[in-house]
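One structure is given below, represented as structure tokens, and several questions about it will come after.
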Amino acid sequence: MSLHILKKEDLTEFLTKLLPDYRVAGPVKENGGFAFQEIRNPADLELDYTTTILPPKKFLLPTREVLFNFDNSNGGEIQPPPPAIPTIIFGMHTCDVHAVQLLDQVFSAGHTDPNYVDRRNQTLIISVECLSPCDVHSFCKSMGTLSADEGYDLHLTDLGDSYAVDIGTQAGRQLLEQYAQTSMATPDNVQRLNNVLGEKWPRFPYRLDFDVSDLPSLLNMTMKSPLWNELGERCLACAACTNVCPTCFCFDVRDDVELDLRHGQRVRAWDSCQLDEFATVAGGHNFRTSRALRQRHRFMRKGKYILEAHNYLGCVGCGRCARACLVDITPVGVFNDLHRQLEVEGRL
Amino acid sequence: MIIAASHPTVAEPTLDERQLYLPNFVRILDIKPLTELEKVFTFELPNGRPLGHRPGQFVEVSVLGVGEAPISISSSPSRSSKSFELCVRRVGDVTSALHSLKPGDRVGIRGPFGRGFPFEKFRGKDLLFAPGGLGLAPLRSLINQVIDERAMFGRVVILYGARNPGELLFKDELKRWDEMEDVELYLTVDRGDDSWTGNTGVITTLFRNISVYPRNTVAATCGPPIMYRFVMMELFGKGISEGNIWLSLERRMKCGVGKCGHCQINNVYACQSGPVFSYKEIKGLEEAL
Amino acid sequence: MSKRIDVHHVTRVEGHGNIVVEIADSQLKECRFDVVETPRFFEAMLRGRPYIEASHITSRICGICATGHATTSLRASENALGIKPTWQTELLRKLSFHGEILDSHILHVYMLVAPDFLGVGSVIPLASSQPDIVLRALRMKKLSGDICAAVTGRHTHPIAMTVGGFTHFPKNGELEILRQQLEAARADVDATVELCASLPWPQFERDTEYISLTRPDEYAFIDGEIISSDGARLPIESYQQVTNEYMVPHSSAKFTRFQRDSYMVGALARFNNNYEQLHPRAKAAAAAFGMQPKVTNPYLNTAAQVVEIVHCVEDSINIIDQLLQKGVAPEDPVPPSTQGGEGVGACEVPRGILFHHYWIGEDGKMTGANCIIPTNQNIANLEGDMKSLVPQIMDKPTEAMQLDLEMLVRAYDPCISCSVHLTKVVRP
Amino acid sequence: MSQNNKPKIAFFDFTSCEGCQLTVIDSLQTHPELLDVVNIVQFREAMTEKGEDYQVAFIEGSCTRESDEARLKEIRQQAAVVVALGTCAHLGGVNTLKSLHPLPEVRRYVYGDKAEWYETYDARPIEAVIPVDFAIPGCPIDRNEFIGAVKALLLGKKPPIPDYPLCVECKLKENVCLFTRGQVCLGPVTRAGCDAICPTYGQSCEACRGYITNPNDTSMRNLLAEHEMSVDEITTMYTMFTAYQVREKLMQAESASGR
């Protein structure tokens, strides 16, 4: 769609106008790093951020959410949660935009998940173009997520003193018209944009030793690799990797009841396949007993299972899990090791 | 005007899907203890609407405040359209809470979920049922439906094993099946007691007693995780083809609708694609058996 | 007349203690307060641990004065290692210290002492009979806990305090909210004064030596000099001249004496020694009780605590104002300037003066420790009070006598779990 | 609910700082309705009445002398459910630190030549003396976890005490990991449930809640070693609250290798 120009000095006004109508979430400085938080003061928004510990997923799939409230007094009455709050996620990187597209697919395939979808449909995404890698752990270029051509409502590219605003959806267009002061891009602006995009590309390294389209078949051939056992010996089963991942969506469901034992809530909360109890059934049988099997499950999901089920890769190359892992288990390391093994065995 | 809402990004849920996580309440009509650990619950369907299940499907049962658990529907759809039955073993929080309920109490139900047994494919075949322990609960639904349409099937052979005589489920029904001319029932227990005169040994020992016509036989089995490998070997030994062996698999489940990830077997969600699978479908899955 | 009073495990006090009084032929034969708490050996446990752990371990001496122990411990380590904490650190420590004083005093006044006056066995029946009182207590206690939590993470056992500073800092916004809540709490504070001033405090006078810390600049809680109401001032390093610990077989806690047979520490001692430095609103509260130094009725220790509640609320507002004026900024802990050393820390924890004395080796491991707990210092004085009280009340029915004695014990707010660590310090 | 059919619960304290009982009292600030649903019949720290008729006993503190064993056994006899309240009761806690030194030496250190006046033996969790049904870990316990446990007991459920590492909660709080800040932390092997309060306030987790059932101990020790900790320092760090368990393990290993 068409390209607009938003002057940097007009950003504050844009945000100020949005705040009364929307819950606006965006990256802010926190504890020496960045985190997606609800923005209360436009000055807090840090569009020039690197990465965050938790992905913006938490605004679409909260770490803990109420599925319904109940009152047990007379045989049971339930009340669904209040409707979702109109939200704008401001400043998403393109890896996270890809991740949200996967989540959209997961939660609308088969049975549509009403809670997710309600929240998603009340949410607009304003993404930003990354101009240099977050840090050494990013491998977005290898995963094909260094840019996004859909999945956002508005997309900003930093041109120095202004942002080029790409309109992704009709909703994005309306938002811009209603809340922001922009001008149409001039040929000059377009030239600048081309330069910026052209310059950024070489700044990002390819970090996989092979093309990502080979990843599923690579994983297909390495189900029995000894690497999984090595990972199992190292892995602390701390679940940091899955908890910080923008594409992980597994959850636990439990009831929280008040002391009167009558009122309460059924709650869903993030869960992780790396934890002992995840695949354990009553009586104690665990279908993925070893850390090795759980690590294999994780990486198979990222590069194969989710793709097979939903047509999207389960990893967007954001590098969050690599940053979070204390024992240096990383997708790039694992995928390249598997690739090397096949090479050595002459199976490629 | 809030712009987001007027431009949905993802297709809106249907009315039914809006209820996805919200249980419906059903009243307990009757509770029958079967053994020390198992009870059969009969539930009355609200406004007489049939549950509409297939044998092999399950429901998520809620005791509000305690939680939810997946339980197979144990009654046959051919028997009653006003009620259904669940056979529940007391093992943890939700199942213990269920056991403490009385007739007249209400519980929440979601479902039925999952893919049941492909009943149509069984027509005209010889049927071999091999439940172990609590595995009889889901198979009972199928067996009774077969019995109700007995003429549509060839031989009906049931091989049922439990750990000891006290743990045999549905003893009345077993007796009825045993008395039927056209049903062949063989029982075994791992360890007998003074009163036990039947076969002792694990379920696989029963296979020795029977011969089947492999090309026309369909087998259905359900039991504790360790049982499958051994039963499978017996079935292969009888020459039954992979596509004709049907298993109902147990996994941890939270949502029952293919989202929560707990029941995943490699790339397959057991709650959606299963819990009933043919061996052919799962033999490529590393983590299935 | 012969009577025996034997209260096994006095209730509504911290830790385990027994009252034993025996009167035969109208003669007082036996009058003891037995400390029967199990010994805890904290000093011995500290040996060999990194000094950085000392405040975490010693806060576990007592759940109710955990912040006091931690602060005293940090001051001992800092004095041993030549560390001077920053202005901000000192203010933040004072703020969380006030939180603890408030928490402990409110617990003591409302939940441990008040039931005696209101004729119930605990605060629980009051929840239905006088809910406003209970809710007020819970409200005030919550605020005190919130003060501690904002600064150190929680009251029992504080987290963010470390040798040389803090590992976490309250946001200015959090302090602003606390300030508002403290201002709003003035109504509850006034109601507390009013309620307590109306209670029939037992009449009993016995002059003794009152010992506390004192500072030139403020009503002392952290650091300062030791002062005696009998006239003596000593640096904290000379604490052993004051405490002179000795042991008796009936108690697992150590006893102490300075210039008389016994001395008293705690809110009343602080009140007597540092009255002038109390906030004017606190002085007004003292007037409501008719209290002017020197107060010699030990039952009024609880009243002195109420006066301190007023003072701490006002002073907390004060501290927050100072912090907000500059804005709280994260700062790294001040590093040690020596490797190893010996140091004493002293604080006025809710129940009185507390000393920690540490020896730290060059490898940063603790080589020796001594902790002197306020309740220890009070037990000899408590027994002295009992001995002079019993003859005055001997004619009362046993039950009434027992209640008077239990109330006396509670007035001291003894913290017996603290008191049992013990004895002779073995210098490395 | 009338006073009569409310479950009767009692609190007991052995060697401890009483911080867990204080946390119970503090939980009333947020959950005053607790008093409506249970009948507290004994709580020495807060009430005079000493009811001996109770169904649930919450026991705080570790057992540090033989003479306390009889009382513990009495409580076990009376109570249908015994809950270890806090780390001292559950694992032994800081009290067991002294068991890292030989006992006679500890006594001499603290009591000097009067050592024999005071009875003491190796501090131990109450589980080492009587069977315990449930434990609420933590030094001190977490207020919400205590309330959660009470609810579960009222419902006849097992208290929902997590059996996964603290890092789970720490990540969800978006704390910058202490290892990233150049410090060390026991979070990866420690039982969650405190909402990662120590890392949140800038301090390493010291495993006050004890370890998860299935920790990757080898990998954890390697990780600490990579962060320049010696074996001794690692042991010191591991034993702050769990000296009893660590010593038991050592003794087991010793007797195994002796054979």
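Read from first to last, the chains carry the letters A, B, C and D; within each, the first residue is number 1.
Please note the rule applied: a contact is a pair of C-beta atoms (placed from the backbone, for glycine too) under 8 Å apart; a residue touches a chain by one contact, two chains touch by 3 or more.
None of these values were measured; they are calculated from a predicted model.
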| item | value |
| --- | --- |
| Which of A-D and A-B has more C-beta pairs touching across its chains | A-B |
| Centre-of-Cα separation between chain C and chain B, whole angstrom | 65 |
| Where chain A and chain C are represented by their mean Cα positions, the distance between them in whole Å | 51 |
| Between chain A and chain B, centroid-to-centroid distance (C-alpha), Å | 37 |
| Residue list for chain C, restricted to those that touch at least two other chains | none |
| Shared-contact residues (touching 2 or more other chains) in chain D | 155 |
| Two or more partner chains touched - positions in chain B | 65-66 |
| Each pair of chains that touches, named by its two labels | A-B, A-D, B-D, C-D |
| Residues of chain C touching chain D in the complex | 9, 11-16, 37-41, 43-45, 47-50, 53, 56-57, 59-64, 66, 107, 111-112, 115, 121-124, 127, 134-135, 138-139, 141-142, 145, 152-157, 159-160, 162, 166-168, 247, 249, 252, 417, 421-424, 426 |
| Of all residues in chain A, those that touch chain B in their complex | 21-22, 67-68, 70, 72, 75-76, 78, 80, 86-88, 104, 106-115, 117-118, 120-124, 169-171, 174-175, 178, 223, 249-255, 257, 261-262, 264, 266, 268, 271, 273, 278-283, 285, 287-288, 293, 297, 300, 304-306, 308-309 |
| Residues of chain B defined as touching chain A within the complex | 2-14, 17-18, 20-23, 25, 62, 64-68, 91-92, 95, 105-108, 224-225, 250-252, 254-255, 257-262, 264-267, 269, 272, 286-287 |
| In the complex with chain C, residue positions of chain D that touch it | 13-23, 25-26, 28-30, 32, 35, 40, 43-50, 64-65, 68, 93-95, 97-98, 100-101, 105-107, 109-112, 114, 117-118, 120, 139-140, 197-198, 200-203, 206, 233, 236, 240 |
| Residue ranges of chain A in contact with chain D within the complex | 30-33, 35, 52-54, 63, 233-240, 243-244, 254, 257-261, 270, 272, 275-277, 291, 324, 326-327 |
